[in-house]
Each structure stands twice: as C-alpha cells, then as structure tokens.
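The next part holds the structures, each set out as structure tokens.
First chain A sits with chain B, and in the next complex the same chain sits with chain C.
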Partner chain A sequence: MSSAPSATATSDATLRAGIDRSLRHPVMFFLTSGAAWLAVSIVLAIISSIKLHYPEFMDDCGYFSYGRVFPAHLNTLIYGWGFQAAFGVLIWLMARMSRQECRAAGTILTAGHVWNLAVLLGTVGILRGSGTGMPWMEFPTFVWPGLLLCYVAIVVWSFIQFRVRDGGRSYVSQWYLLAAMIWFPWIFVTANVLLNCTSGHPVMAAAINAWFKSALMFLFFIPVALGTAYYLAPKLTGRPIPSASFARLGFWTLAVVAPWAGMQKLAGAPLPVFLPYLGAAATVLLAVPLAVASVNILRTIFSGEEKLPKSPALHFTLAGLMGVLLLAVAAIALNLPGRLQDPSGPAALKLTQFSISGYGFEILALYGCFSFIMFGAVYFIVPRITCREWISSRFINMHFFFSAYGIVAIAFGALFGGFMQGSAQEAWLQPWETVTDVVRPYAAMSTFAWCVILFSNVFFFVHLALMWLHLGLRGPNPTMLDSSTNLPAPATQPSH
Partner chain B sequence: MDPTRDNPILRFNTFWWALWTFLIFGVLLAAVIVFNPKPPTNLEDAAAVARYVTKDKVTEAQAAALSSAEIAAAIPKIAADLPSSKPAAVEKPEQVVPGSPTALKLGAVAAAAPNGASASAGVSPPAPSQPPAEAVTPPASKDGGQDARPTAPSATPAKP
Partner chain C sequence: MSLRNFILGLSASFGLAWLFVVVVPFVRMRNLEPITLSKEVDGVTGVFYPKRAGRIVNGAKVYAENGCYLCHTQLVRPIYAGNDLYRPDWGGLAKDSERGDTRRETNAYDFEGETFAQIGSTRMGPDLSNLARRLDAAVAAKGGGDPAALLYAHLYDPRHNPELRKSTCPAYRFLFDRHEIKGQPSIDALPFGGDANTELVPSSDAKALVSYLLAMRKDQPVPAALNFAPIDKKAASR
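After this line comes the complex of A and B, so read on.
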C-alpha cells in the first residue's frame, strides 16, 4: 500500500528537481542582474530626490540633471529590476505549475543578456539627453523593438509549457501570470506604435502615455505579483485558497476595469471630457480586484490557528499584500474627481494632479506591492534551484525591515506630501515659493528613505550573488527569520 | 504524462499561436493605420487654418521690417550724429505730452480756431483713448450680483 505513494513522491521530487535544474541559470541570471539594476535605480533615486530639496547638488554635471536622472531612475526600476524579477519568477512558476522542464534555457539566457544590453543603452541614452520625454517610455526610440523581441523570446516557452501542461488543470496563479504575459505585449506595442511610429496629436500622445503607465502597472506588474502571491501563500502555509469565487471575481474585475484607467492624469487638458473622468472612475474601481485578491490570499495565510512560520518568503509576501491593500485605498483617495470648477467639492484629483503623490502611488505599486512579493518569491525559489539555504537570517532581516520602513516612509510621505503640495498650489494668493517650502521636508524624508532602502538592497544583492556562487548553507532546514525556530517545511505542500 | 497532450506538433503550433497572440494587437493597429490614411479633420485642424493665415501675415510683416543687423549697423551712425545735432521742437500734436506748456498752447490755438478747422489742422491734443462705456461694463451676473464687479467710469467723450 505504501510503495505506490512513495514512488509517486519520488517521481514528483525528481520532476521538480529536473525543472529547477533546467531553469537554474536563466532564473539566477534574471534575479541577480535585476537586483543589480535595482541598486542602480535606487542610487539614481537618491540623486534625483536630493535635487528636489538641494538643487545645487551635482548641478555642474549635465548627465545628472534632474530631467535626466529622474527618468533614468524610474526606467531602470521598471525595465532593469521589475521586468527581470518578473521574468525570473514567471518562467519558474509556469514551469513548476505546468510540470514541464524548460527546453530553451539557452535562448532565454541569450535574450536576457540582450535585454540587459538594451536597458543599459536606454539608460545611457536618457543620461546623455536622448530620452523621449514620455514617462515610463523614456528610453530612446530604438530600444523598444529590442525589448519586445527579447520579451517574446523569454516568455513564449512558458506559453508552450502551459499549453502542454500535465493534467490539463490550471491554477489561479497561472491565470494571472498567463494574462500578464499576453497583456504586456498588447499595451507595449500599442503605446509604442502610436507614440513612436505615427504622428498623432500631442495632447492625445500624452493621454496614451498616461494610459500606458497605468496599464503597465495594473496589467503586468500587479498581475504578476498577485499570481505569485496566490502560489506562495498556499505553498508556505500548506492551506488552500479559501474562495475560488473570490479568486475569479478578483481576476475578471481586474481584467475588465484596469484597461480603462490612467487618463485621469490629464483632467483639465483639451481632451474629450469623459476620458479623464472614465480613467478616474476605473482607477477607483480598481480597489475592488486589488482588495478582493489580497483579502483572499491573506485569509489563506491567517486561516490556521497555529503560529505562522518565520519564513522570509511569507513575511515579504505578507508585506506585499498589505501594500496591495494600501494601493487600493490610495487608488480611491487620489482619484476622487470632485467638481474641478468648484473648490468646495471633494477635489482630490485636482489637488494631487500636479504633485508628488503620483510618484508615491507608482513607487507604492512598483516597490511596496510588486517588489516585496518578488522578494518573497526570490527567497522561496533560490534555495530550490541552487540546492543551498540562505546564508544569514540577519541579512534577510535587515533587508526586510529596512525595505519596509523605507517604502512606508516614501509612500506615506509622497502621498500625504502630495496633498499638502496640491493645497499650497491652490492657495493662489501665496507666492509659489510656499509650494516648494511645503514639499521640501517630504523630499528630504524621501532621500533618507531611499538611502535606507539602498542599504537594505546591498545586503540582498550580496546575499543573492553568494547563493549563485553556490556559497549557501548545506542543510536540511530552511533559513528562518528567527534562527531559534528553524522549522522544517510544511508537509502538506501542493505537489506542483 | 498524457502523451497526446505533449508532442512536437502541439508545441510547434503553440509557438506560432503564442507569437500571433503577442503581436495581434500590433498587427491590427498597423492595419488600421495603413488602410486609414486620410488626414484627421477635427476642430483643432479647422482652427489651425486660420492660425496659419495669421502666421503668414506676421511672417510677412516681420520680413518687411528692418532686420536686426540693419538696426545694429545704423545705431553707431545715429549715436555719432546725435551729440552734434541741435534738438528740434516737437511739432506733431500726437507727440506732445498732455498738460505740458506746448499742449496748453496748442489747445488755446485750437480753441481760437473755427469748428472743423482744428481737426483738419491737427492742432487739438488727442483725447484719451478709452472704449465706450458699454464695452467695459460686464453683463449682469446670474447669481444675484455676488460676482458683479464695479463698472468702470464712463469715458468722457472728446471735445469736438
């Protein structure tokens, strides 16, 4: 009786080991180079943040003027860290859940190198002053076709793995990941063709750009984050997702609502007036899928009576889900349109339209939600594909706490500071210097917080590089955040 | 593993389906752009026609004006002649400062002259140019006058 399950378990373990082995180099390459780009991005963020409250800083160097260094910071964060972390996690999760070994590791690795080269050229182009000036699309025009080709070469194999998956069933995680895989080329091609290949009206170009930013956030980064969290939470706690209906509701409301969001940033611009209001309404409605999905996953984590394991992956995932909930609240708070012609109305959109709160919202989505869940996935995946355990729980602790404190300071500072900045802008009897005086303390706090995050990510990068060099611990137990409670992994893990 | 579910043909087909899925939006967009080449006509384009006419007039006037190089070349010559030249009395009425002795003298001459002669002779000081009272008075507001502004004083018509 016991020989059959034992043989099944052995064959499952063999299959999982084979999948991990087949993806070891591409995944580690994406995660490590992504971590390096994250450090670069944070350094650029510190420079741009310093310039907000101390404009003379590096003012004799044109390469580091604010108009160049700020877009370089965001683009390296998105294309250098964000996409590469998503690639590493996405190809591993799709292979594991489809129970398929990767047969194109060489192609993926080559495309990964070309992707990094394209990001490097794009970043240098921005710093040289050749940026396009369109937020989140500032890389020089020649870069985007290369990025698109690399993307196709990296993720098309996951598409095939899903098609030929074992058993024919699909998981909630796969819905989100597959949707993100398909949505990204649609929005990327649409925006780049319309903005770089055709000569449309410049105001409409700004509207398309605003839509692209929102779509990239809510149709790629957030789905990848939620799909990963839907995988990690049951895997780490050994408990099932409590509600399949909530999972479906969250997925389909995101798919239906998210494409309409984004154009609220052009409220007051000479556009058809329904477009900004439609964007604001859609962004407010995005709170529904974000809240539904995050609550569903949080219920998985907190459904048991026993104490949660001190797993670094679980802690980062939990923090990322809290970030998703905060993002849902911010989506409502920042986009209540009010009556733009009437100051007595609830004009949150009017107050925050030209303030730092937009940046706070983006950083909350990219770092507070997406990156935290990616960190959780990294702490889960890397020991499996390197067959080593993390070296130091202290390093992980420092990474977690400094990142969490830093992002909370940046997000709250920018969101609240944006409201204060908007209020100062509306006080038109006051001189404009009042606005800069209001923003200055928040900018200084943001600089300090980015320094803290840089400090934490140095530990992360060094730790990750050591793991890739096979310098991790050899041991049966995973490294836990509390070294006194090194528990074995849950026995009731799903088999994928 | 179900052998009918994973085979090279299915993988090959899926590869092309995936490429098509990734690029279908771009292909459709390119088709719309290529097969819909007519220029856009909207309010902005209609307004642009009038703007281009105005722009042509401005460009033409600017071309007829003295160039900055000519002005720069003339300045030294005029500046050199200026100290040696004797100041001449201003004779044009429109250049006389209102209220000055010259203006009073010209006004007295105009008052002594018969009606109609002064205008043709051009000796009357110009009346302050103000728009008619109706033009500067805003219409009554619909909110009970809360937004009403004080009306500008009526312009004093120039004496004949």
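After this line comes the complex of A and C, so read on.
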C-alpha cells in the first residue's frame, strides 16, 4: 500500500530533476546576465542621481550626460535585468508546473545571447546620443524587432509546454505567467508599430507611450511577480492558498482594469479629455487586484500556527508582497484627480503629474515588488538547478536588509518628495528656483539609497557567480537565514 | 477553464481597452483638420493651421537624444489640471501691452512638425512652451542682443548666468566645437571660453536645437473654438 505513493514520489523527484537539468543552462544564463545588467543599471542610477544635486559631476563627457544616463539606467533595469530575470523564472516555473522537460534549451540560450546583444547595442546607442526620446522605449529603433523575435523564441516553448501538459488542470501562477506572456508582445508591438512605423498625432503618440509604460509595469512585471509569489509561498510554507475565488478575482480584475491605465500622465494635454482621467481612475482601481492578490498570498504565509521557516526565498517574497501592498496605496495616493469643479480641492494628480513621485512609483514597482520576488525565486531556483546550496546566509542577509533599506528610502523619498515638488510647482507666486531647491535633498537621499542598493547587490552578484561556478555547498540541508537550523556546520566542508 | 476560453477572456478584457484608449483615438486624431475661422466669433476668416518656423525636425531629434524631456515639459495645462497658466510668461502674458491677455493652454496644433510630443516626465526645470517669449523679454531687459546667444551660453554652461547659479541643468559642452580663428571671429562664437587663437562655436546639433527652442512661442491668438479662457464678463459688458 505504501509502495505506490513512494514510487510516485520517486518518479516525481526524477521528473523534477530531469526538468531542472534540462533548463540548467538557460536559467543560469538569464539570471547571471540579468544580475550583471542590474549592476550596470544601478551604477547608471547612481551617476544620474548624483547629477541631480551636483550637476558638475562628469559633465565634460557627452556619454554620461544626465539626459542619456538616466534613460540608460531605466532601460537596462527593464530590458537588461527585469526581462531576463522574468525569462529565467518564467521558463523554469512553466516547465515545473506543466511537468514537462524543456526540449529547446539551445534555442532559448541562443535567443538569450541575441537579447543581451540587443540590450547592449541599445544601451550604447542611448549613451552615444541615438536614443528615441520616448520614455522606456529609448533604445534606437532598430533594436525592438530583435527584442521581439528573441522574446518569442524564449517563451514560446513555455506556451507549448502548457498546451501539452497532463491533466488539463491549471494553477493560479500559470494564469499570471501565461497572461503576461500573451500581453507583453501585444503591448510591445502596438506601441512600437504605432510610434515607430506609422505617423499619428504627436500628442496621441505621447499618450500611447504613457500607456505602454503603465501596461509594461502592470501587465508584464507585476503579473510575473504575482505568479511567482503564488508559486513560492505555498511551496515554502507547505500550506495551500486560502481562497481560490480570491485568486480568480485578483487575476481577472487585473486583466480588466490594467489595460485602461497610464494616460493620466497627459492630464491637461490636448487630447480627448476622457483619456487621462480614465487612466487615472483605472490606476486607482488597480489597488484592488494588487491588494487582493498580495493579501491572498500573505494569508498563505501567515495562516499556520507554527514558526515560519527562515528561508531566504520566503523573506524576499514576503518583502516583495509588502511592496505590492505599498504600490496599491501609492496607486491611489498619486492619482486622485480631485474635484474638477473646485480646483483648490485636494488633487493629487496635478501635484504628482510632473514630479519625482512618478519615478518613485516606477522604481517601487520594478525593484520593490518585481525584483524582490525575483530575488526570492533566484534563491529558490538556483540550488535546485545547480544541485548545490547557497554558501553564506550572511551574504543573503546583507543582500536582503540593505536592499530593503535602500528601496524604502527611494520609494518613500520620491513619493513624498514628489508631493513637495508638486506643491512648489503649483505655488505660482514663488520663483521657479524653489522647485529645484525642494528636489535637491530628495535627490541626495536617492543617491545614497542607490549606493546602499549597489552595496547589497554586490553580495548577490558574488554569491550568484560562485553558484554559477559550481562552488555552492554540497549537502542535504538548504541554507537558512537562521544559523541554528544550518546542520552540520557547512563552513568546515571543502566546497568542491 | 480551458486554454481557449482563457485566451478569449484575455483578448476580450485587453482588446476592449486596447481599442478604446489606443487604436480608435490614434486613428481619429491622425489627421487633424484645420479649424475654419468665422468672421463673427474670430473676427477674421480663413483657416487656423499654424506653421512653425525653424529646424523643428532636427532640433526635436537633438532634444530627444539628449533627454531634455526628462526635466522640461512642453505642456501648459488648463487650470483644472494645474496652475501653469498663472506663472508669468509660461502660457503667454497676462498683460501684453498690445494684445491684452495672451495666455492660453497648449493645443493640439502646437506640436506641428513633430512626430512625438515631448510632454515631459518631471519638471526639474521650467516649462519650455513659451521659452522664446521669455528670451525676448530677457533680451529687451538687457537693451538688445540675440536670444540665440543666450541659449548657446546656457547650453554651454547653465550656471554661467548669475540668476541661474543654482540650476541643475546639465552642461552640453559636447555640442560645441573649438575652432581656430581664421580671419574674422565666428558670428555664433560664445563670448567666453575662447582665447587669442581659438573660439567655441556651436555644432550643427546645437544650432538645430537652438532653432527648435526659439520656435517655442505659444502666445499667438487662438480661434474661439480652441479658446477655453473664461469669458471676461466686465469686458463683455463694456
């Protein structure tokens, strides 16, 4: 009687090991090269942030002019780190959940190399002054078809795996990941074709660009993050998701609301006036799917009586979900358009429309929510595909705490500083210089916070590189953040 | 739920928004008709279809490539969306000695000649919609001069002007070339930075950018159909 389940367990373990082995090279490639781009992006963030309070810094060099470094920072963060982390996690999760080995590792790896080349060309293009000037789409125009082809070559296999999976059942993680896989090319092709290949009205082009930014955030990065968290939380705690109907509600409200958001950036611009205010309303409503999903996952983590395992993956996922909750609050706080009849009424949108809180919101979504959950996934996946355990719990702790302090400082600083900046902009009796003065301390704080984040990620890069070189620990016990649970003392063993 | 229904659900939820906020507005705004002016309300006949003079296409490219849009906006919002119109010289003049109140918000014809309206991301620096108008005022206050020369000096060293000592605008020195003086000094040469044999002259990119910036003048009267300023009741009753 007991032989049948154990036989299933053995064959399950064999299947999992086979899937992990089949994806080892592509996943490690995406995670390590993504981490390298993250380092580049953070260095560029520091340079651009310094220039906001100390404009003479490196000002003889055209390549490092603020107007080029800042777009290079965001584009490497998005296409260098964000997408590659998403690819690595997405192809692994889809293979595991569909219980299919990957049969196209070579194609994925090749496409991954081409993707990196495209991002490199695009970044150099921005720095040498060939950017397009469209936020989040600043790579020179020739780059985007390459990115699109690589994207298809990388994720189409996950789609096929889902299609041919056994049993026909699906889990909420798969909805989010599958939907993100479908939404992204739709958004990307729409924006690039309408802005680069056809000519429309210039103001509408700017509106589509604003929509693209929002859609990329809420229909690619956030769904990938939530899908991953829905996988990691039950896996790490051994508890089921408390409510299937909340999971469904969270997913479909996101699908229905998020595509309308984004154009609030153009409030007051000469385009049909319903577009920006519809965008503002949709962004406020996005708080519902964000809160529903994150509360549902947080309830999984906190539902049991027993103590939570001190797992690094769980720590990062938990922090990322807190970030999602904060993002939901920020989505409401930044976008309330106020009373149209009474311009003196509380109107967050007019204060935040052209202030640094937009940047704070984007970094909160990209780093505070998405990257934290991706870090959690990296700490979960890498030991499984390299068959080695993480070397140092201290490294992981350093990565976690300094990243968390850094992102909290940037997010709160920029969100709050944006309101201060917006109030100074609206105070039209004061000279314009007061606005510059208001921003300066927040810019200085942001520089410091990015340095902290760089410091934290040094531990991540070194750790990941060591794992990539197969220098991780061999042993039956995963590395936990609580040193008492690390049996037997691993540091005494040679790591070969 | 089957994969087919799932994809149908996604297509419906995304496609609806995609059509109504992206595709349909894009197609409908594609060819903006000129506005026909009428004698009764506008005082003149003809059409309103402003043309902008200057190297708009080249200048807009330099503006985009060097990220000016990160800190400068080109949008004077209506009063329901912000206080831009009240700032002196941003949206025209409250008291223009010849034409009265010329303040107006940005309209859809202001970006004529560009493919992408640089609405802007963050206002670290002031709005540029009416930059040329402000430069004219600055030149007039100094008792004459060339507005382009002010812009060249600003681009080379934004903190050169004592009034802008605290500006965080980046210096665009790479848009200027150092030339040997042969014969007469160049007409565009910067008044500083040169020596006995050499001078600093704007590159082609700098000239295009300045030409574009000098076309930023949004205080011309607009037709009644675009004029959303509240009716001045006192003036109307007089």
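In this section, the second predicted complex is superposed on the first by the 480 of 496 C-alpha atoms of A that agree within 3 Å, B and C clash if a C-alpha of one lies under 4 Å from a C-alpha of the other, contacts with A are read in each partner's own complex, and residues count from 1 in each chain.
We take it that a contact is a pair of C-beta atoms (placed from the backbone, for glycine too) under 8 Å apart; a residue touches a chain by one contact, two chains touch by 3 or more.
Bear in mind the structure is a predicted one, so any value in this text is a computation, not a measurement.
With the two structures aligned on chain A, chain B clashes with chain C.
Residue contacts after overlaying the shared chain place A:Leu121 against neither chain B nor chain C. Of the two partners chain B and chain C, more chain A residues are in touch with C. In the superposition on chain A, contact of A:Pro135 is made with chain C only, not with chain B.
With both structures placed on the common chain, the touch criterion links A:Val408 to neither chain B nor chain C. By the document's definition of touching, neither partner reaches A:Leu109: not chain B, not chain C. In the superposition on chain A, A:Ile182 makes contact with both chain B and chain C.
Shared-chain residue A:Val462: touches no atom of chain B or chain C. Once chain A of one complex is fitted onto chain A of the other, the partner contacts of A:Ile208 are limited to chain C, with no touch recorded for chain B. With both structures placed on the common chain, the touch criterion links A:Leu194 to chain B and to chain C.
In the superposed model, A:Met398 lies in contact with neither chain B nor chain C. Taking chain A as the common frame, chain B overlaps chain C at a single listed stretch, which among 1-9, 19-27 or 37-45 is 37-45.
In the three-chain superposition model, chain A touches both chain B and chain C at residues 163, 168, 182, 186, 190, 194, 201.
Residue ranges of chain C in contact with chain A, taken from their complex: 1-3, 6-7, 9-10, 13-14, 16-18, 21-23, 25-27, 29-30, 32, 61, 63-71, 73, 75, 77-84, 86-87, 105-108, 110-111, 114-126, 158-159, 166-174. Those residues of chain B that touch chain A in the shared complex are 1-2, 5-7, 10-11, 14-15, 17-19, 21-26, 29-30, 33, 40, 44. Across the complex, chain A meets chain B through its residues 99-100, 152, 156, 159-160, 163-168, 182, 185-186, 189-190, 193-194, 197-198, 201. In the complex of the two chains, the chain A residues touching chain C come out as 51-53, 55-56, 59-62, 65-68, 70-71, 129-135, 162-163, 168, 170, 175, 178-179, 182-183, 186, 190, 194-195, 199-209, 211, 219, 252, 255-256, 259-260, 263, 265-272, 275, 278-279, 340, 343, 349-350, 353-356, 358-359, 421, 425-428, 432-433, 435-437, 439-440.
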